[in-house]
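Dumping the structure here so I can ask a few things about it.
Naming follows writing order (A, B, C, D and E), and every chain is counted from residue 1.
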Amino acid sequence: MEVFSDVVCPFCGCLCDDLEITVENNKIIKTKNSCAISLSKFMHHEDNRLNYPTVDGRRTDLVEAINESAKILASAKRPLIYGLSSTECEAINRSIELAELIGGVIDSTASVCHGPTIITEQSIGLIKSTLGEIKNRADLIIFWGSNPTESHLRHLTRYSMFPTGLFTPEGRKNRFIVAVDVRKTKLSRIVDLFLEIEPNKDFELISALRAIVRGVKIEAEQVSGIPINILKELAERMKKARFGVVFYGLGLTQSEMGDMNVNAAVGLVSDLNHHTKFVILPMRGHFNVAGANTVSSWLSGYPFAIDYSRGYSRYNPGEFTAVDLLERKEADAALIIASDPVAHFPASAVEHLTKIPLITIDQKVNMTTLLSRIVIPAATVGIEADGTAYRMDGIPIRLKKIIEPSEGILPDSEILKMMIDKIRVLKGGY
Amino acid sequence: MSLSVNGVEIEDTFAEAFSMWGSRLIITAKNSKWANIAALSMTGYATSVIMCDCEAGIEREVYESETMDGRPGVSVMMFGFSRKTLEEPMLKRIGQCVLTCPSTSVYNGLSKDQADEMLDIGKGIRFFGDGFQVKMRMSDGICERKRFWRIPVMEGEFLIEEKFGAKKAVAGGNFLIMGDSSQTVLEAGEKAVEAIHKVPGVVTPFPGGLCRSGSKVGSKYAFLKASTNTSFCPSIKNIFQSSRVPKNVDSILEIVINGLDLESVKTAMAEGISAAVEVKGVRKITAVNFAGKLGKFQIWLKDCLGGL
Amino acid sequence: MNEVVVTLISARTIEQGIGLEIGKTSEQYQNSVSVIELNPSDFESLEISEGETVEVESDYGSVLVKCRSSQDVPKGRAFMPYGPWANKLFSSSTRCSGMPQLKGIKVRVKAAKGLKMPSIVELIDELRRL
Amino acid sequence: MADLIIKNGYVYDPLNGVDGEKYEIHISKGKIVDEVDRRDAKIIDASNMVVMPGGVDLHSHIAGSKINIGRAMRPEDHRKDVMPRTSLTRAGVGYSCPSTFFTGYRYAQMGYTTVFEPAMPPLSARHVHEELNDIPIIDKGAFTLMGNNYFVLKYVKSKDLNMLKGFMAWLLKATRGYAVKIVNPGGVENWKWGKNVGGLDDLVYNFEVTPREIITSLAKVNEELGLPHTIHLHCNNLGVPGNWETTIESIKSVESIKPSEGRTRVVHVVHCQFNALDGENWVKLKSGACKIAKYVNEHNHVTIDLGQVIFTDTTTMTGDGPWQFRLHNLTGNKWVNSDVEMEAGAGVVPYTFRKENPANAIQWAIGLELALMVHDPWKISMTTDHPNGGPFLYYPKVISWLMSRKARTDTMLELNRSCIKKTGLAGIYREYDFNEIAIITRAAPSMLLGLKNKGHLGVGADGDVSIFNVNPTDWKPSMYRDVENAFSRAAFTIKKGEIVTKNGEIAANPLGKTFWVDAKVSEKIESDVLEDLRSEFKRIYTVSLNNYPVQDAYLPLSESVEIQTGRCLS
Amino acid sequence: MEVFLKPKVKPLIPVEAEVLTPDRFAGMKLSEIEGLPVYVGNRVEKLSDYFELEGSISEKPADQQITILGDASRIKYIGYGMTAGRILVEGGAGMHLGSHMSGGEIVVKGNASDWAGAEMSGGLISILGNTGDLLGSAYRGSREGMTGGCIIVKGNAGIESGIFMRRGTIVVEGEIGSFAGAHMNGGAIFIFGKASRGVGAEMRGNGSMIVCFKGVDSLLPTFIYNTIYKPNFMRIYLKFLFNTLKIDKAGEYFETPFKRYVGDAAVGGDGEIFIAET
């Protein structure tokens, strides 16, 4: 029996790194400090696994699966590589090299979670800090369209609502917590102020707040379902905070015109820095979605939505993003890495995925593997393989390998390396 | 050798004109009444730079179809000795007389290719908006770009174009109508001014276009820069030794013409003279000059008329 | 037949997260995401009982899921966890952002007594037939 | 790999006193040697060319979270310069925030072989190293940010320099850093409350220490540890008109600190141009370069680099959060702020230096004035503080300005005359020669960094050589465009004995190594520090202490530098 | 002189054909033009793989008309960066139509796709059908959107039209999608159909102006109502639209009073939204 301490949880963007995992005979038997989902991840990581590569549903060996994949990708005119955010940085790095090599389009799941955040960062910027700053300093925390009680289960205890820190010795008592959402949640019951707003009206509300912070008188009696006097109080509270933070989630990015919503929120925080210290942090979902954007930025210059068809990287969300490419029926082959677009894309984008040669590298059976021509099983990074992941706030943490994967099961990065080598051969070394 | 037109003697002399900077602006308003009021107000007390800050006059009325905003308007021209002495009165006069006048707007009347320089008139006026002025851009990247300033005022909004063309122009074109009575010369003068106003590019800055008191430089009084033009005063023609008033002449009026170029001034003079000589009782037409000391242009009367 | 028009919000839930980590084909996952929650008043107007199948239809597609009532959901709104069922209702148009709108779309919910909700395998088969 | 002989070139090797002599350089197994066997050697004919050691850049933001924020937030920047992949090279995009592969290739094309990233927040050190590993060809390293670190402030407050020493050694090792970087000491900590410090004696909130105390303590310990480089100081009040006084005061504050053995210097002031502003405000801005230069000329404990301004659209990025906020407000440009818990912060704001902007024109002149007014080139390193003053791609342009008064005059003619009068540049006739250029781009930075095998061509040095197609015997300052062209595309760049670029084209694509410093302290201090870290870490950090240090996996090719004394200033 | 391009196939993968400009064609032989490269996925192909070409080529771009006889809705970058001449597309046009153009004229008889006229600085684009999103916009990251020229859309336009616009004119005769003129800092947008949510969001001022003739779906609370009046400048602009740009609808509004809103107060902007009071 072996106990691994300071294990990093490879589920959500929190990347909690204080887990204790007990392993016996190469099996995980106990976890400590895990949240419910993390527990499920560690304890069930062997359930529903893909155990061997398949081509057209037929069991095969890794070499053949790689060769077949290489043939498809090397000959495709408009190949798409998608996924990336639930794998380690080394694999992301390889994926981009592969995209470069085959002149394909590469996109990560960021495009359907915090793509609008990136678009905003590019138009007006972003005012962020690491999570420790929140823990140590924040006395006003606003959760806007984000709900850690369902998606980032230890966020409240480790980083935001409850922890004590250098300048927050009394933890929860030192903080005023606000939640803004379109429905009641577990979070909304434990905050100091809950604003239940109308769906798709975040922009208007944030704009009004910005105007109020600037001292402008708003004529309307209520905005987005919230009375003006409550907004005025909130604005005052924001200006008087010692250190404020907005944690926003998909409530902003996935509503109508997500990029403008985030834009407004970042603008508000930017304005507030004329009065006090204020930061804003996106609640990134997958454990390494931040890493996908980070690695992609240093290699290609762009965080997501990249097209290598001209030999160098080009960027245009809406043109080179996965959903759009599929919706326009442009892609003629797809490689999916650690993601399940068939389950998570809107139906008409999925439809095109069913019509092109689909290659999937994943650990478990999912809807995409069930529809793929080629399926290659992979080791679970953070459990069966090590590698780098970036926390939601951009802090890189090394994931640990705590057990051996099954025989013949390789991590994503090695599978991709084999694929790259094979395609190089097919392309005559070019 | 003197020329005679319609039996009226045209003296073989020249009007001595000089160079000034001129500009043209179009004032439009809700109707021509208010356009005229603004124009009159703006061109008031602008007869001669001897005592005024500039010379200005109404060129003509402008039809709805000609103006940028489709409203009736008036074309006004202003003259100053330099760019600066033109710009200043323009700013002041637009500010005091047009900006204040209900419903008016002001546009440039001298396009970029006609002008030697573009003056930042609207750009200067805009400060009146105290920070609430709005820049209006039109036609960028499509055709010649247009810039305006919109200034909030009590009535609503004042609109002025940003730049106004200015060019080296000609001032001081003139001729004298000599006749047998004040009634005659007034009638001839009115006819002449009417004819002159049909010529584009010229104005007659004096009241109604007519000037009854010509002046000469200096005076017997040391404090006075200019005094009455003794050579042409009929009532002293026989006691003032160097009087140039012919025997059969008992009243004289002068018409002074400023124009955007020499050609327009010449044409205007010719049209004016031709109209004047039609009136019975007009005896002679002559022009004022200072033997070439004043200006660089010598407009010979017979040349003018030859051009008709 | 009774019908309500509501604004649909989709989001993550703990059960969905737990189910996901067990596996997409697991019972837990399927149970956790094939559901729509309505405000009790909207729920009552459908005249169905807790857990009964409803048909949810948007401008882009329709799907059969089970229906529950929830005080947390305001009147006129509905909630579904992320997953293949909810995704049948959304448009693939991203309006040049890469991000399809997954929250705040209008849907019609009507009772579908007796109709059977598709399983994940059936959803796959449906796709295979395309 | 075949041995190499470079013959017939005019060699400039200032560290070995070689000034334009013609002699052969022999390289074997990646090192400069006395002689190789001619029969097996590859021979490069460098007739009519300049031969120099490979370029060394001691301050260029090439890797890590800041530059990566710049990349991510500026897609419009990348459209200006693209590099498609070839069978040999990876794809990349520029311009002010170039991608990693692009960075390596472009540096190599200009004859540079060693570059240091000057601002690494410890918590994201892994990120820096991941990026460094994706920068091909050049050797590199990174400086660890310490000036606003919680533990540093704590030990400075308690005046416990032993603990400070132990912590600095631990942190350098934990982050695999090469030197101690200080950015706006105290100001960045105060920025975490939305404030700043205004001078050397302002107080840091909650810590009751002053910037002066932080600088002197770190400098003192830096020298006691005998680290290869001095403290690398980004002074307070950067970008604030009138800040030359703060700068001189900061340098003065360490005047009495005893330098580590064998050297006289104790502080390196970075991108000095941004800290040499005189005048009460931006409108009354004038050059403070002569005041700084006078001080530097009179003292041997300070060295500077330029932070030369280039007239172009670029991206500013510093660890100086409050300054970036100020710049955002000045320009209205987009702004990313990124504070790192307990230790650092950063800001990124795009900026365009314009010829018609009076302040920019003065800034441009200040950089050149500093280079030209400081008599001893060994005190100067050439930088643009890439990308703050402008992208590193413009180094050849800076060289041409330094080497040719005509080049400067031609640029000055495009600027507002009254701005130039607020500087002393027009009155300076000095022109650098090739030897001095070799000093400020190679020998001096390498000496300042204490890299004994870089920046020179003596036997035992790394086989890093750059060859430029310009003939120094018939070159005249009026031909400044020739020298600019020559330095833009090296005829050959040789890295570790391998030809990596030829006529400006990439010829080989090896991975360079990463330098870091392994400083030793007594076991007692080491364990005291670790104990203190253990007791505090969990409360104040969100990463556990065990997961904090950079793992070996991130340094596939590295060289840990033993503590050794540097060379003296000449 | 006019050259005709007849589409041969409907490409499955969109074709990037930035060579389709009078600037590129001028002075070339027809056979040379046929060989011009187009980019299809990761392949380089020839223009003649997709079009049959005939007609005559002029020496100067300004005298060159390119006519595409049919649908080009899978052809991207038609008229990219053109400076002069004329392009006529009989059918639809793909993404990035006339982006970065600085002069000349493009007429599309069908629909145009997204990013039409993005970052253009001059010239005229007329789209007789509908257009996609981000009409006359800035590409992501850039804060310099359209800086001059004019885009006329007879049909409807998509979302975020004129985002980060600096100068120039956009006229949409149909409806316009949400957040038209967001971040606008100069320029004018005329919307003859109904305007949607978020019009003028975060607009700064610098003379930026949005005119809505058929009302707005829901005006942002941060636009401050001031007055109702008949500003004279509007007559000028409308006359310009009517006379120079031949937009007949403009003629109906010469005497219309407008409500003036100023904003976006969220960013301290002093841009203007005028809503026709009919």
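We take it that a residue touches a chain if its C-beta (ideal position, glycine included) is under 8 Å from a C-beta of that chain, and two chains touch if they have at least 3 such contacts.
Model, not experiment: these values are computed from the prediction.
If subunit E is left out, touch-linked groups of the remaining chains read A, C, D | B. In summary, the chains found to touch both subunit A and subunit B are E. Touching subunit A and subunit C together: E. Contact tally for A-E versus A-D: the pair with more C-beta pairs in contact is A-D.
Chain E has its Cα centroid nearest to the centroid of all protein Cα atoms in the structure. Ranked by distance of CA centroids from subunit D, the top chain is B.
Computed centre separation for the pair subunit B/subunit D is 69 angstrom, with centres defined by C-alpha atoms. Centre-to-centre separation between subunit D and subunit E, using Cα means, comes to 46 Å. Remark: subunit C and subunit D have CA centroids separated by 56 Å (rounded to whole angstrom). One simple way to say how far apart two chains are is to compare their mean CA positions; for subunit B and subunit E this gives 46 Å.
Taken residue by residue, subunit B touches two or more other chains at no position, since every residue touches fewer.
Chain contacts: subunit E has residues 114-115, 133-134, 139-141, 143, 159-160 touching two or more partner chains.
Residue positions of subunit C with contacts to 2 or more other chains are 95-96. Contact annotation for chain pairs lists A-C, A-D, A-E, B-E, C-E, D-E, with touch applied as defined. Per the touch definition, subunit C reaches subunit A in the complex via residues 7, 9-14, 17-19, 21-26, 60-61, 71-74, 77, 79, 82-84, 87-88, 90-104, 120, 123-124, 127-128, 130. The part of subunit E that touches subunit B in the complex is made up of residues 102-103, 120-124, 147-150, 167-169, 186-188, 206-207, 209, 227, 229-233, 235-237, 239-240, 244-245, 254, 270, 272. Against subunit A, the residues of subunit E that register as touching in their complex are 12-14, 39-43, 95, 114-115, 133-134, 139-141, 143, 159-160, 164, 178-179, 182-183, 197-198, 201-202, 218, 220-222, 224-225, 264-268. Looking at the complex, you find that subunit A touches subunit C at residues 11-12, 36-37, 40-41, 44-45, 47-48, 107, 111-112, 115-116, 119, 147, 149-151, 153, 182-185, 196, 199-200, 250-251, 253-259, 285, 304-305, 317-319, 321-324, 326-327, 340, 342-351, 354-355, 364-367, 370-371. Of all the residues in subunit D, the ones that touch subunit E in their complex are 73-77, 333-334.
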